[in-house]
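You will see two complexes here that share chain A, one where it goes with chain B and one where it goes with chain C.
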Partner chain A sequence: MGANNGLVIEARNLTKVFRDFWRRPKVCAVKGINLEIKRGEIFGLLGPNGSGKSTTIKMILGLLYPTSGDLTVLGKSPRDVAAKAKIGFMPEESYLYKYLTAVEILNFYANLYGLSGIAKKEIVERLITQVGLTAARNRPIGEFSKGMARRVGLAQCLLNDPDLILLDEPTSGLDPIACREVKDLLLSLARRGKTILICSHHLADMQDICDRVAILLNGEICTQGAVKDLLINPDTLRLSLQSPPRESLSAILNYIEQETGQRPLVDHAGRTLESVFIETVTRRPSPL
Partner chain B sequence: MALTRLALTDLFRQPATFLLVLSSIAFTILVPLCISHQLGQQTHLAVDSALAFEFVFGLILAGFAACSTLNNECRSGTILIVFSKPVGRLMFFLAKFTAVALLLTFFVFCSSAAALLAERLAPRNFEFDAFGIKLLLASPFIAFIPAGLLNFRTHRSFVPTALFFYSLVLTALVLILSTFDRDGHHVIFGSMMDWRIISACLLEGFALLLLAAIAISLSTRLATPATVMILLFLLFTGLVSDHLAGLLAAIPSAAFSMQMILPDIQSFWPADKLADGGVISGALMGHAAIYAAIYGMGVLCLGYAAFRNRQF
Partner chain C sequence: MMLIRTFAIAVLTVREAVRSKFLLSLASLLVAGLVGLPLLIAGDNTLAGQIQVILTYTLTFATAILSITTLGTACGGVSAEIEDRRLYLVMTKPLHRTELWLGKWLGVLALNAALLALTGLIISAMTRQAIHSAKDSPQVKRQVTEQFLMARQALPPITPDYSRIAAEAAQRLIQSGRAPAKMTFDAIQQRLIEELKIQRFTIHPGGSVEFSFQQPDAKNNGNDLILSYKFDSTRPERSPVAARWTLGTDHAHLIHIAVTNYPGVPATLAIASSMSTGTNILSVTYQRLDDRSQATIIMADKTQEPELLVPYGGFEMNLLRGLFVILCRLAFLAALGLTFGCLLSTPVAVFAAFFVLILMASAGYIESVATSGVFFVPHEGHAEELTRLDKMILHLFQGFHLVTMPLTRFDPVPLLAAGRVVSGEMALLAFGWLAGLYTVIAALIGITLFNRRELG
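Moving on to the complex of A and B:
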């Protein structure tokens, strides 16, 4: 694994200042952040646009150099080329060569990892199937929809069976079913011991899959912790029941009010729009 | 290797490459056919214009290809994914230069064939080479129809296939016209062609590779218009570098500096050397190749220095 103390990413006082042509400070995109991401963890970087999420990911990849602070990735410097053999990255936009087909692009990236022959062919075929691009495999990327291009982006990110996966807005542009599939895939990868760092402002997606999150604002981490700890409200309890008869419910509510002095709120357990959509679409037979 | 192959594939699939290569061939062959000025200099004009077109279109192609493969990759963001893989910057930079150099080699090959055809097809005393012109007119159809059919049947990309087929057709045309005279009679192979043109085109090819090194170095920071403008400036000042050095003769250090900085394009301009039946000697070719290699490597070192610490 190559990481120290089980830490895959370790950042100490990480700062990035962008400068203008005259080397004067223009904007401080990341201000002294501290991060510790452990092996097998799904970590979410949340924050509004311009909060420093993508800058942080680029520093982790060695595409941007920190102005100050220490950063190690898999126990090595982010600029270590060899360490990148264990990293997969899916950027925010689908930065792909538009004149190449999906298969050609994946073959190219596989070559960069030193894959060749049958092993390369098998991996490319498996990923093409896994991301649902079998029918469009030989079409140029320039003809793809945004969602299809995102799938190619995800496939290239998994070519090397990476130990560390960096995803910048992975569900952006995907339909709800594809979105669910991606989230399930990420959960299964984490179960296999892969470390995943996700940048997003799709909070529902992050809540679904992240173990821990950090919220960035103006380049600083405002909040950091386990999702279940951040979401819990220790002063409030929720009781869930299969809808009881009206008389029983009334008796229960009266009892609780009598014992606690508070009248509890009663409503129906809700479903997410995502679950309704997926149920509707999967139930209806395809017109094709 | 993978980087070079991908960059080359990407370059060959770009419609702009197709248009630039075909335009160069079309201008090279067709302009001498349209010039009414004769004075017994028609073949001389055909060769001169062919060499000029090779220089100008080659320069634009070098600028376009370098920026398309490096600068556009930085701007569009595709480089982010490449550098997230185990790819060193030096390897990436050299792979891009190699791809541009290979594209220009292909261009020089096509230009050489076109220049040979231009010289052969140029009218003599207002008499056209009807046999050759008929074959020339048929050549695009022979190349592009199979490429179109392949695209239709197998979804193979049309642009690189058509370019490849057309280069084969041009070669075949040169070989056919080498064995027939202007009336379509069989002659000894090669007797109807001015083969000196090949070494002239090759000499220009060295200059184009030198310009490609400059273009790829500039494209680490500049976009296509700026790169092409600087290349044009270097081409024109390089062509008159001796004259400029003469103007600065009073200040030896300035003259020396200018000669060191400006590429000596004059050494690569072969038209004067071909005049009056002259030939381009092996020594001249060797000298030009060594100069292009040393100058090119120096420029590539500067380009890599500009690229090495670039942040994305």
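Moving on to the complex of A and C:
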């Protein structure tokens, strides 16, 4: 693994200042953030536009260089090629060569990872199938919909069986089923010990899959912690039970009111729109 | 691993050029230009003129087009990919920026090699077809074939030991006390060498001059030798000069050929291969027959003595060597373009590439300014002392000359158009200088600065 004390990403006082042509400071995009991401974690980086999420991701990828502070990725400098060999990255936009087909683009990136021969062929074929692009494997990327291009983006990100996976808006442009599949895939990767860093505005998705999150604002981390800890309201308790007969419910509520002096709120347990959509779509046979 | 990654980038560059129809468009433009230009440009209505037009214009056109597109492709190859962010994803892979640079360079080079191969095929086919389909006599066709479709090595005449003769004369002048005051021995010797040369090449009415050539050891397969010469007249009217060449060998084999040539116009004289059989020295004497003329002619200037053009090899191999030299030039331009593309945004990189093209087009003037220190020759008055600004501009030109020097030094087009040999040595030197040293310098600058560049 090569990580320090099980830490896959470690940032200490990480700062990034963008300068103008004359080297004068223009914008301080990241202000001394501290970040520790452990092996097997799914970590979410949240924040409004311009909060410093992308800058942080780019520094972790070695595309931008920190102005000050320390940053290690898998125990190495982010610019170290050996570290990059263990990282998979899926950008928000599919920055792919539109004249290449899905297979060609995966072969190209596989070559950059030094894969060759039968091993390369097997990995590419497996990923093409895994992301559901078997039928479109020989079509140029330029003809793909955004969702299909995102699938290619996801496949290229997994080519090297990475230890660290960075995803920028991974579910953007995907239909709910593909979105669920991606989330399930990420959860299974995390169970296999992969570390995942996600940058997204889809808070519901982040809540579904992230173990820990950090919220950035104006280049600083405002809040950081485990999702379940952040979402808990310790002053409020929720009781769930199969709908009882009306008389029993009334007795229960009266009892609680007598004991606590509070009349509890009663409503039906809700479902998410995602679960309704998936149930509806999967029940009907596909016209294709 | 490094090779796999570099090769992957090179293949991607070629594949993108093919898929985006860029290669097809460029190949079509080349074919149209190579075939169309000789039809549009009129020669001197001779077969030799037509062949000269084909060779000169097609090679110049191909070199110019490929130079422009190489710079453009190399610039855009990186800067455009940075701007549309495709390179972000590539650079998150375990790829050194050196490998990216090298892969792009090899890709651009592979495209150029393919286009140059196409150019060579077209030029070769057009030249042979033009001679084959000409309505001229077989003798004329043979002469043109000998002149253009045979790579020839230019042999200079055996020159007297000017230094020794001048040194002896200078010694005598000094000893006799007739040497000009304040002149050093070296200055006197140099002046005498100049005078000896002028004396040797000056032919008065009715006079003559003899040149001897050492023949090469290589066996001649029945091809003619060609004597190439040019003279200037002291008279402004430039009337033709009648003369007679007398050819002889060390076996005193004499042949007389009468000629009439115009001053300032390059002329050639075919010498049958039988003249060179079993002999080491070929002597040629130019005897003026117009003894009533008042004009004095000078058979050669400082740079252009008569030359004996001896067969060296076939046309296609010579063309191949010439195209290889052009490829070496393009390798350097690709390196320059990539360096611009790695450091600058697309518009600025294109502007820089355009500037390089202007430098290339002005390479002759730049060389003249850098070496002579003269910007222009005033029509009247005296040259003034160089000001500080003049000196700065002169240094600037000397800097430009460093860039353009190998491009002007290794230009195979005039050689190919004149049927002269592009030697293996020249090809090797072009490879060493252009594809080697200059490309490495451009690469080192480009890669070093690219490594410092953030892709954000």
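A few points about this structure:
By definition in this document, the second predicted complex is superposed on the first by the 288 of 288 C-alpha atoms of A that agree within 3 Å, B and C clash if a C-alpha of one lies under 4 Å from a C-alpha of the other, contacts with A are read in each partner's own complex, and residues count from 1 in each chain.
Here is the rule we use: contacts are C-beta pairs under 8 Å (C-beta built on N, C-alpha and C of every residue); 3 or more make two chains touch, one makes a residue touch a chain.
Bear in mind the structure is a predicted one, so any value in this text is a computation, not a measurement.
With both complexes brought onto chain A, simultaneous placement of chain B and chain C is prevented by a clash.
In the superposition on chain A, A:Asn138 makes contact with chain B only, not with chain C.
Look at A:Leu64: by the touch rule set out above, it reaches both chain B and chain C. When both complexes are overlaid on chain A, the residue A:Thr55 reaches chain C alone and has no touch with chain B. Of the two partner chains placed by superposition, A:Phe43 touches none, neither chain B nor chain C. Listed for chain C are the stretches 202-210, 256-264, 292-300 or 400-408, of which 400-408 clashes with chain B, judged after superposition on chain A. The contact surfaces that chain B and chain C form on chain A in the two complexes overlap at residues 58, 61-65, 81-82, 84-85, 87, 89, 91, 93, 95-97, 99-100, 104, 108-109, 111-114, 140, 156. By the touch rule above, chain C contacts chain A in their complex via residues 1, 4-5, 7-8, 11-12, 15-16, 19-20, 84-96, 454-456. Only residues 58, 61-65, 81-85, 87-89, 91, 93, 95-97, 99-100, 104, 108-109, 111-114, 138-140, 153, 156, 160, 166 of chain A touch chain B when the two sit together in their complex. Partner chain A is touched in their complex by these residues of chain B: 1-3, 5-6, 9-10, 13-14, 76-88, 155, 157, 309, 311-312. Touching chain C in their complex are the following residues of chain A: 18, 55, 58, 61-65, 81-82, 84-85, 87, 89, 91, 93, 95-97, 99-100, 104, 108-109, 111-114, 116, 140, 156.
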